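Both complexes shown next keep chain A, but they swap its partner, so chain B is in the first and chain C is in the second.
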Partner chain A sequence: MFPAQIEEYVRPTTVAEALAVNARYDEGDALFIAGGQSLMQALKSRMARPRCLIDLQAIDALKGIEYSDGVRIGAMTRYVDIAADERLRGRNAALRDAAAHVGDRQVRNRGTIGGSCCWNYLASCTPAVVLGLGGRMHLVAADGTRRVVPATEFLIGPLETARRADELLEAVSFAGATDRGGSAYRKWGLVKDALPVVGVCVCVELDAAGRCSAASIALSGLAAGAQLAPAGAALLVGSSGDATTLARAMDAVAAAVEAQSDKWASTAYRQQLIRTLGADVAATAFARATA
Partner chain B sequence: MDITVQDSKRWMGARLERKEDLRLVTGQGKYLADIVLPGMLHAVFVRSEYAHARITGIDVAAARALPGVVDVITGDEIRTRVKSMRQPVVLPNLPAKYPDYHALAVDKVKFHGDPVAVVIARDKYVAEDAAELVVVDYEELPVVVDAEQALAPGAPRVHDEEADNEMFAMTFTGGATADEQMRNEAEVQRIFDTAEVVVSNRFRVHRTGITPMEPRGVLCDWSLADGLTAWITTQRPHIDRLALIDILEIPGERVRVIAPRDQGGGFGVKAPFYRENVVIAYAARKLGKPVRWIETRYESLMNVGQERDQINDVEIAATKDGRLLALRNRGIANNGTGQTGVYWGFVMPFLGQVEMPNVYTWEKGDIKLRVATTNKACLTPSRAFGHFPTRFAIERSIDIVARRCGLEPADLRRRNMVPKLPYTTITGEYFDSGDFLKVWDSLLRQIDLPAFRREQVAARAHGRYLGIGFACGAELSGVASELLVPMENQPGYGAATVRVDPRGKVLIFGGDAPGGQGHETTVAQVVASIFGIDPSDTLVTTGDTGATPFGAGTIGARAGSYFVSAVHKACAELKEKITHVLAHDLGVRATTEEFAFTNGDVIYLRDPSRRKTFREIVERIIMFPVNLPEGEVGGLEATAFFEAAKPMICFNADFCIVEVRPETGEFTIKRWATSEDVGNVINQNIVDGQMHGAIVQGLSNAIFEEFIYTDEGQQLTADFEHYKLATAADVPDIELSYASTPCPHTPLGTRGIGEGRPSSVPGALCNAICDALSPFGIEVTELPLRPSTLWAQIRDAQARQH
Partner chain C sequence: MQTVRITVNGTQYEEAVPPRMLLVDFLRERLALTGTHVGCTYEGVCGACTVHLDGEAVKSCMLLAVQADGHAVTTVEGLSSNGDLSVLQQSFREHHGLQCGFCTPGILMNMTDFLARHPEPSDDDIRHGLIGNLCRCTGYVHIVKAVREAAKTLAGGAG
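Take a look at the complex of A and B:
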């Protein structure tokens, strides 16, 4: 459990500097390291063998949560800071639900939203929540080109994203608070705050009459990676979040997704967790929307 | 006068803060990995990727060529330079087919993780780089990982030299001869033939065990002058020393083993004698340089800490009014390769069967065990040694009998509990002392059972499933020679040297090697209470074979039983000498009892004005040995050995209350309460901590932890993402209570505690679950207890009921 040789370690203070170092290496030979909660394990097990590590810790521009029209969360913002930010409420409350239960205190003090999204591990919470809340990924390339990619396109599959080797994720942005938006996220794991065996994120928007005008459901823990469940979400639209509708929607989600069977849960059990956990999560999302 | 005497005893039972903790919580503990010697080299093992394969070639050329690599050693070299691991010093006196094996794999690898070669390099990074360059050619062989398949005719043989995979088999009941045993079997069968109630179940407990915070490690130094000095993470440095002497053929005066003062837990894992010790010692001798190996978590989870893994086919005959008549069991243990010194894997299931009858009064029993060799890592001892599966099986069976009889399981237990001690069980286990019924009744006083039953019925009407579960058990309090000689070829006595320092301090030396149990504090309290000094005026040294008396190790709850008793004995000897000299100096004729040792003074009770400080009198005896009583010589140091005449036990009982959510099979433990007989307590915090830790470990083993092998023998759980440990948030608050009886066989009335304690946990937990789910008729017979399994069982039951 000792890393293979790493030739260069840099700790830049600006995005431009980080990208410049990255550009000196062939694709994959330099890796950005954010909180290191996944990458360090990969390095120690030699699954990853970069020649250069570019540590993003000292780039202040990548940290913090800004509120204007929407919400912009710097890629290097830690879970602990997301979990503690009470301004993330209503339609963005799921971000806090997820961040507050990633791993343990030590992990939350180091781990970042950007790191998690770029690593895109199948059993992680953040990608699913970013997906469920319609997040947008802000990327910048070495030549200064910026582009914004919706999370749906960014999160390709387990350990795979649309980030190009010459790009750095600067921030993830979300729509701002609305009058009647609500979201929630919860996961099920064998032990407290473990990686999810399955997790459900629900985000709803209600109209003046309290009926759901827009909804999304996203899942974590499935073999194919973070994914949306549009069939179930469609069933929420038009409802006021009554128990029967929620159950029907989650039945549809459970039926539509491909849930793997492993030592932690059979396919049938994962589907059952989606139903029970999903209905609870959806109820919370509706309650937050009307709060 | 009484007040001062009481004063001197005030350290016994006190909740003294642990002397160890300041250094441990401020990062000043000194663990094996903190020991660095000049010029030290680093070792990394190359381990097998296959569970069973022939080694057809090992190419180490590329590894050797890497700059910084000093040596690469393979099994071929070890085989010709070092004796095999199967030496008498680490062989139990039990008839088993002990596999012969070398410190590195020779010819074949037999489990996923088997050490094939070792790289020695200037640093650990280079060593790992080189380990990747070692090319091992394998020819895969058929794999057997299932115990029953391993015992079936025609199964692939793990050890080529053996005719089959049955490593050990034993009958534990009926007598010593085959004739007696057959007669007994027939008598047991007759009881079953006519019994009103017969309950038969197959119980399976998965492979799980222990993961100490600090994995293993070895640092060996070789010099022409002193020979071998080996720092080993170990619970038994003196045994390791003997094994190194015999296997490496080094004269005994040239081998010293040191278990670091601070070790991050052992729990049994650091009790065997391991192959890595031999490899590192060999490398240090060969290269003439210090060599260190620190186990990675990955290696640790691949190689050690794996226990349980048993099937028990339990049958109970009873009367319909709930009297237990006979117990029959056919146990099968999955031993893995059996390649671990001292225990060879099977010693744990052996003891598990000895403890199978638990504390109940059976008329007769018929208990047999078969142990299968398989292509898994060898079982290693883990707290609740061997009887985690058998206790689960028996405590679950008792509840099933109670349900069949329509009786409250708590009542059935009490009715059949051994009423009076001493008592010898149907397997020959000796229960020396205590009062099981007192402990049990004390437990029952903590719950209004009829009220709970009413609440349970009311809750069910609202679709809520509450249940209560009980379990209890007697555990070894130390391991007597009577048991340890056959089981591990080692003596059971406790040993301690007590050296009084001329400055009035007391230094204690013990040959055992703790891993965080708090020996420094416990022993300090005992010594302080005997000599009337402050616990801070003591220093406990353990683990160094160059400084401590011979001891069999920190195993089987030996501290509170054997070690402190030896300390007490040595102190008593010194006390006698001190009072003898003091009486002489004061010009009085007085016995030891006529002096009080209190608050740093030694006081003549008949005239309390006549006294000396402890320091004055000990300094006088050690430094000024003139004008002594006739026949007395100076100096204050004594070594004592303690062994009780018979094995000793402690006892515990638990209940828990759970609520199960049928929609998902998830359950919540709403209460966990205990009643314990721990004998006289030296430090209540430490005793409480042992109980908390044991129960948490029992829960973690029962619910979360599981070593998983594929059919091909690939181990899938070599990291903590996959080998799940309970967190603090996963376990309930634990309500401890005590209903102790002082042990009459130890000088302080203390009992050794904490080792076997986890074993009652899975029974209590699963009994509560099954009680909650009794409307569905679900009986849990397999561990781990997972919500997913329960959910499937509930769903099936619901389907049957409709």
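Take a look at the complex of A and C:
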């Protein structure tokens, strides 16, 4: 298998240049390539047949993690770099949980947070974590217009996002570390570190007394794509993360979701995975919030 | 056609390639470096085509040759020097880390990068590091052993 004919390959060093090349082509005829760990499969299967590839590898402004009031992760930051960054802790620790177990070492050496979010594959880890942590997507268009879209609006559904064809994702940002915030992510797949059949992300904020003041739960692996589970999250609020509450919250999540039945897992098995993984992930998130 | 300059195993090659040419095909068909294998026909799951791009393990079926323009690639042919096997290669030989050998080049490339970053790995670390390489002969036991013994040898040599 190899890609269909590609007329032009460019490697710009600035975002403006990348967008200018993109603007020369009709919608879909030019594609950005980040780590290529999803796009190369699509090119080789010829699901995608772009005339032009715009390689983002040499745009330094898209790489790296900045810490100020919040945390800003450049779109071209790779899994290997996210997994290794110990400053992503407390309420942002789930980013490292996910990045450290994406696929395998070779995939983590190439794949990026931006590529994963823009692809928004249903069985993927990053979109669910970005949702669970309340991520914000920083987009820039060819005319220089910038907009910030909450992940809840950006991640529309499998292989669909709110990014317009003339826009590039520059970064994903998150709230900074708080005194009592914690998050975690875990998935289950057919083999270790494989694509998630089900993955659960939990993020909690505790008050001075150790009670949960805000919570979110996000899921990966479901047919409708990465999604929040607000009914379950509401049950965590006010609790101190005791096992009974965690189990009740995850029962509510499992009961509320539409979990598909396919060759990987039945609906009942997916619901059981949500309960089991979910309780464990929530306990880790609470523990990190008090650490 | 696009002209690329890619340094492979220390030698710079300048070649005109179509943009759609995969890096693995460039290595095998243009440079006749057939040690890099194609296992899963390019889905990116088997790891047999693993090479180093600027020192890091990557799957060469998931990259275009044009993306490697200006970069350094190391293939399995570049691991030995003057005919002397690397410590990891020697360890695979001593500890029977291969049977049919098809997956071996990719495993050697991945684990060379792995050992550089994890000089004192546990067996769990090694198994986790091997996820991106499928071996259908060995059951991995001897591969894990070969990597573990290589780590010991390298640590001994350094200390």
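FYI, the second predicted complex is superposed on the first by the 291 of 291 C-alpha atoms of A that agree within 3 Å, B and C clash if a C-alpha of one lies under 4 Å from a C-alpha of the other, contacts with A are read in each partner's own complex, and residues count from 1 in each chain.
By our rule, contacts are C-beta pairs under 8 Å (C-beta built on N, C-alpha and C of every residue); 3 or more make two chains touch, one makes a residue touch a chain.
All of these numbers come straight from a predicted model, not from anything done at the bench.
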### Message
Contacts for A:283 in the overlay, against chain B (first) and chain C (second): which applies, first, second, both or neither?
### Response
neither
### Query
Who does A:269 touch here: chain B (first), chain C (second), both, or neither?
first
### Message
Per the contact definition in the header, classify A:1: touching chain B only (first), chain C only (second), both, or neither.
### Response
both
### Query
Which chain makes contact with more of the residues of chain A, chain B or else chain C?
C
### Task
Using the touch definition from the top, say if A:20 reaches chain B (first), chain C (second), both or neither.
neither
### Message
Output check: A:195 vs chain B and chain C. Expected answer is one of first, second, both, neither. What do you get?
### Response
first
### Task
Check whether A:234 is in contact with chain B, with chain C, with both or with neither, and answer first, second, both or neither.
neither
### Task
Using the superposition on A, tell me which residues of chain A are in contact with chain B and, in the other complex, with chain C.
1-5, 104, 191-193
### Query
In their complex, what parts of chain A are in touch with chain B?
1-5, 45-46, 104, 190-195, 263-266, 268-269, 272-273, 276
### Message
Taking the touch rule as given, give the residues of chain A at its contact with chain C in the complex, in rising order.
### Response
1-9, 11, 33, 36-37, 40-41, 43-44, 53, 55, 57, 80, 103-107, 109-110, 191-193
### Query
Tell me, which parts of chain C touch chain A in their complex?
2, 18-22, 25, 41-44, 47, 50, 56-59, 61-64, 66-67, 69, 110, 113-114, 128-129, 131-133
#### Entry: Residues on chain B engaged by chain A in the complex (per definition of touch)
124-125, 128-129, 132, 296-298, 663-665, 703-704, 706, 708, 716, 721, 724-727, 729-730, 786-788, 791-792
